[in-house]
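Next, two complexes with chain A in common: one pairs it with chain B, the other with chain C.
Moving on to the complex of A and B:
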């Protein structure tokens, strides 16, 4: 048995890096310090066992060489290929993905597109006053979760970084902190809150506007009830915000994907700026996948833009709403798709799935999921953070290197993509002759 | 196979070797300058200007805040689009170009080395990931070590040996190049939405910015560090700040540097040379700063000269960016980094119709023209803060042509004739002086001349820029054009640019310094540092240092402890 310390969890955007793992006979046998979901991933579960190609409706096992060749042929022949996913793999693989997209003139998009894409649009409008999670841990005396339920979705978030954690000016943990939760239902996180604002579905924009007005001193324009919240509760909230030494708003899908979408986030950021005229105030999106922040970073420094990048012109063209993965699929524009480290089969709208059923689809993933059900080429991979190492970016954009814990026969994402790229170039060169 | 190259009959400007416009052949073998070659490929440089590859001492080209700038400015990304070619990746951006465009554009200007000016230690991996993606250029990055809690603790206790041990650990852990200082104390104060002047106490830490700067300079000189401390002082961008600036310079007077170089490099000095009390009576104090630099040997500067037009400002000076955003009301991103530093980013437009911008524009050039010895200053725009690096040729043409300055001034706000000195200065730079402020001085100040950069002596890296102009050229427009796109750029003996086009894009190397510290001292320091990780950092001690995988093409410089 070997004990490995400082293991980095490759599950969610928390990227906890203090996990202790025991390995015996090349298997993870014990996990300490991870949340239940993280532990389950580290312990391992059902895998795609072999590369496979679909023939007559059935997946037939094949070699890596054969699957890679088939994938390359599909991509080289495509006129409007889509490369999508990238958030649950490492930056090294993402870089090869972008190079591949350039080579074949693809649209490259990542899961932010259906997740915090609206947040990105808001940041492009107004910017983002933020900080690292350690700042929150050491300084924050007011924590606000808005449309986010970390108790279920980011189980170590409060303990490591925010409400429950102890830091330099917060050595007594939650004792001297306040927690405000804004949500449409009384979540597990809401049950812990000092103040729970139960807002009406889709009224986030209104409530942000009311808080902003109050923070700027325009109490007279705020009605008695806003989005289901009595004015006195809003006044109390604003008082807490002003009196805090260091406040932070963490927001989740509950704000990005309700009515108003990116406008909600613009307003959330403007509210933060309003609070910043009184005291230190920051805001941070609760990123889901462990490296969704990373693909946004890599895609930005390599192409100039964080998601929904169209490389068909030879240079990067960015117009989300026209070139995101779902836009392309719903218009039935795309004629081949590669999905890596993601599951559009489960998360995309039905209309786009119907188009996917008609075009060749390549899946690269360690785990079977609904996308596997219609993929034409399935390529299993090593699990990043367990069987392969590489760089990832935590939700606060802090880069951390995933460790390799056990050996594997599976090929890593980066290598698979490099080989596809190599094959594609060989095909194109041959065609050029 | 031996690769040989002969650059024939160029007019060479190689200030480090005292070569001033001599007609000379340059012999190259296996990426180095050599005495002679036997069977070379020949490049005919007849009558053209030949210089060593440019060395930029200070630019923000890679890392978290540069990328935050790209991310929140898709409108900037649209400005620099170029499709991929057989050699080049797709390009985007103007003030915040993508990594590929950064490498190609610098190379086209004849630059072969760029120093990334500010690396947040906790995010050092990010800076390195981007630097690996910048083609052609050799590079390095300076970690921020001034607002760090560890630094302030040792400044308070007065233990500069332990501070030196911390510097050693930090520079090594980040694979960095030296000690960067940005608004010492002020950035920590910004974590509470406050700021610090030079002699204010940093909230909770009971030290002053002045003490931080002085202690870091003392600690830095305990090693044979190639570079001095590199300082962005307090009160950047504030009217009347020139007194803070000279007071900051005074702090390191009397500290003995390890070798023949200043003890402080003061960066983007334009932003620190302001007179007046408000934006209304704002005026140039470049004369006062130049006077100080002329009379003293312990400070070098770079210009931070303004390029008119739109840009993206970014700095670890969080409170400064907030002030700027409050003036413009444009978008603003901020990112404070636990126990170490912070950053702010906001777009900005420098307009020749605005009085303040006009004076700022004048100050950068005044500094260059009023400081007598060009070995004391470097050409920078603090890219992209005072303007993007792609504007360097504009500044070169201004410094070389009084006529061009006068013509430009005539189009700008008339305040330039009342509150700036520029219109009254007749001096014009010659090509030798341009070569000093773009390669000779910068390589020497960074200590890179001992590692093959910034000159063309035998043994130097074969990094060469051949500009398509005659040494007698006086037309400012032609000078600007020549410095924007070289006839040839040669990097490590390989032709990377020909006739203004990138023809090869090899990977660059990352230079980093390893300060060597007594192991007992290091052990003592590590007790304190590990406690910080145990209680306050959100990343574990063992996951913190930058792994070797992030620096695939390393060049290590050892900095022994001075006994």
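Moving on to the complex of A and C:
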């Protein structure tokens, strides 16, 4: 038995890097320090066993070579291919993916598109006064979770980085901190809060604007109730914000995917800015997948844009709402799709799945999932952070290197993509002759 | 007067995938002076490949034009996947018969486009001049901007016969928009100049506006909580409440005017 310390968890955007793992006979046998979901991933579960190609409705096992060749042929022939996913793999694989997109004139999009894409759009409009999770741990005395429920979704977040954590200037932990939760229902996180603002569904935008008006001193114009929240509670919140030494707003899907979407986040960032006229305030999205921040980084440094990038005309055109995966599929624009490290079969709207059933689909993933059910080519991979190493970006955009814990026969994402790219180039060269 | 008819061939949009065609190369100013054979050879993007216009559209030319102002393009067939109609157009006329796809009239500086149907999102995006008439509904981001741009429409006139989607006139700095139906949320978001008139209802209009004027003749749903009421005024014989905003941008910058009945 070997004990490995400082293992990095490859599950959610927290990217906890203090996990202890025991390995015996090339298998993970014990996990300490991870949350329940992280532990489940590290311990391992059902895998796609072999590369496969669908024939007469059934998947037939084949070699890596055959599956890669078939995938390359589909992609090289496509007039409007979509390459989607990228958040649960490492930056090195993402980089090859963008090269592939450029080669075949594809639209490349990542899971931010159905997650924190609105946040990314807002950040482009008004910037992001943010910080690292380390700064939050060591300095924050007011933590606001808005439309986020870390007690269920990012189970180690409060303990490691925010409300419950103990840091250099916060050595007494939550005793000297305040917690405000804004949500449409009383979540597990809300139950811990000093102040819980129960907002009416879809009224976040109005409440942010009211807070801004109050922070700038225009109490006279704000009505008695905004978005279901009494003015006195808004005034109390503003008082707490002003009195804080270091405040942080963490926001989740509850704000990005309600009425107003990215404009809610613009308003949340503007609220942070308004708070700057009184004290130090910060804001950070609660990113979901462990490397969704990473694909946004890689995509930006390679194409200039973080997601939903159309390379069909030979230059990058970026327009979420037009080139985002679900919009393309609902509009039936794509004639082929490659999905890597994601599961649109489980997460996309029914209408887009119906279109996927009609076009060739390639899946690259360690695990079988609903997407496998309609994929035409299935290519299994090594699990990043367990069987393969590489760089990822935590939710605060800090790069962390995933470690390899056990050996595997499976090919890594990066290698599979490089092989597909090589095949595509060979096909194009042949066509050119 | 010259009429150029472009009818999209049926087989282009009848497959499993409806791959969009970008027709920003087919504006009156770009086709002026070309004969039928030359028009057929103009390249348009269909997905990731460039094709000849004549391979995707049935093309016919009637009459002659002495200047670009005398060129009229009539687009027919299933236009629901034809993007960028009249994008960047400088003069002349386009008539699109049926529903059109995104970016119709984007960046146009002159001439006139009439859409005899609905227009999808980003119609009139960053429009600088000319006239755009949409007889049906407009999608989201009417007369707004490309992602990341801080200025939307700066000039020209847009009329929508039906309703408009979210964020109509975002970052608008000049020109006029008339919407005869209702608008969805955040009309005139970040507006800094120009004029929007909504004959129907509007939801949260004027958020973050620092200039310009919005008039809502129907109801305002979810009025922004950061506007200051400054009195009443009469427009076309009707009494309107006048608000100044958006104070969420600070009083110094809140120079937008919102008229509500």
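Keep in mind that, in the parts below, the second predicted complex is superposed on the first by the 433 of 433 C-alpha atoms of A that agree within 3 Å, B and C clash if a C-alpha of one lies under 4 Å from a C-alpha of the other, contacts with A are read in each partner's own complex, and residues count from 1 in each chain.
As a working rule, a contact is a pair of C-beta atoms (placed from the backbone, for glycine too) under 8 Å apart; a residue touches a chain by one contact, two chains touch by 3 or more.
Fair warning: this is a prediction, and the values are worked out from it, not measured in the lab.
Taken together through their common chain A, the two structures put chain B and chain C side by side without a clash. In the superposition on chain A, A:346 makes contact with neither chain B nor chain C.
After overlaying the two complexes on the shared chain, residue contacts for A:2 are found with neither chain B nor chain C.
Within the superposed three-chain model, A:279 lies in touch with chain B and out of touch with chain C [touch as defined at top]. More residues of chain A are touched by B (comparison of chain B with chain C). Of the two partner chains placed around the shared chain by superposition, chain B is the only one that A:301 touches, whereas chain C remains out of contact.
Legend: residue contacts after superposition of the two complexes on their common chain; A:135 is shown touching chain B, with no touch to chain C.
Once chain A of one complex is fitted onto chain A of the other, the partner contacts of A:313 extend to both chain B and chain C. Of the two partner chains placed around the shared chain by superposition, neither chain B nor chain C is touched by A:188. Contacts of A:123 after superposition: chain B is touched, whereas chain C is not reached. Fitting both structures onto chain A leaves chain B and chain C with a minimum C-alpha separation of 5 Å. Common to the chain B and chain C interfaces on chain A are residues 124-125, 311, 313, 318.
By the touch rule above, chain A contacts chain B in their complex via residues 5-6, 8, 17-18, 91, 95, 99, 102, 120, 123-135, 137-139, 160-161, 166-169, 245-246, 273, 276, 279-280, 282, 296-298, 300-306, 311, 313-316, 318, 389, 391, 393, 397-401. Taken together, the chain C residues at the contact with chain A in this complex read 15-20, 22, 45-49, 81, 102, 121-122, 140-141, 146-148, 150, 167, 185-186, 189, 204, 207-208, 222, 224-229, 246-248, 250-251.
Residues of chain B that touch chain A in their complex: 62, 64, 66-68, 70-74, 77-78, 81-84, 89-93, 97-100, 122-123, 125-126, 129-130, 133, 191-193, 204, 325, 331-339, 342, 345-346, 535-540, 542-543, 547, 549-550. Looking at the complex, you find that chain A touches chain C at residues 78-81, 104-106, 121, 124-125, 203, 205-206, 209-210, 212-213, 216, 218, 220-223, 226, 259-260, 263, 266-267, 270, 274, 311-313, 318-322, 331-335, 355, 358-359.
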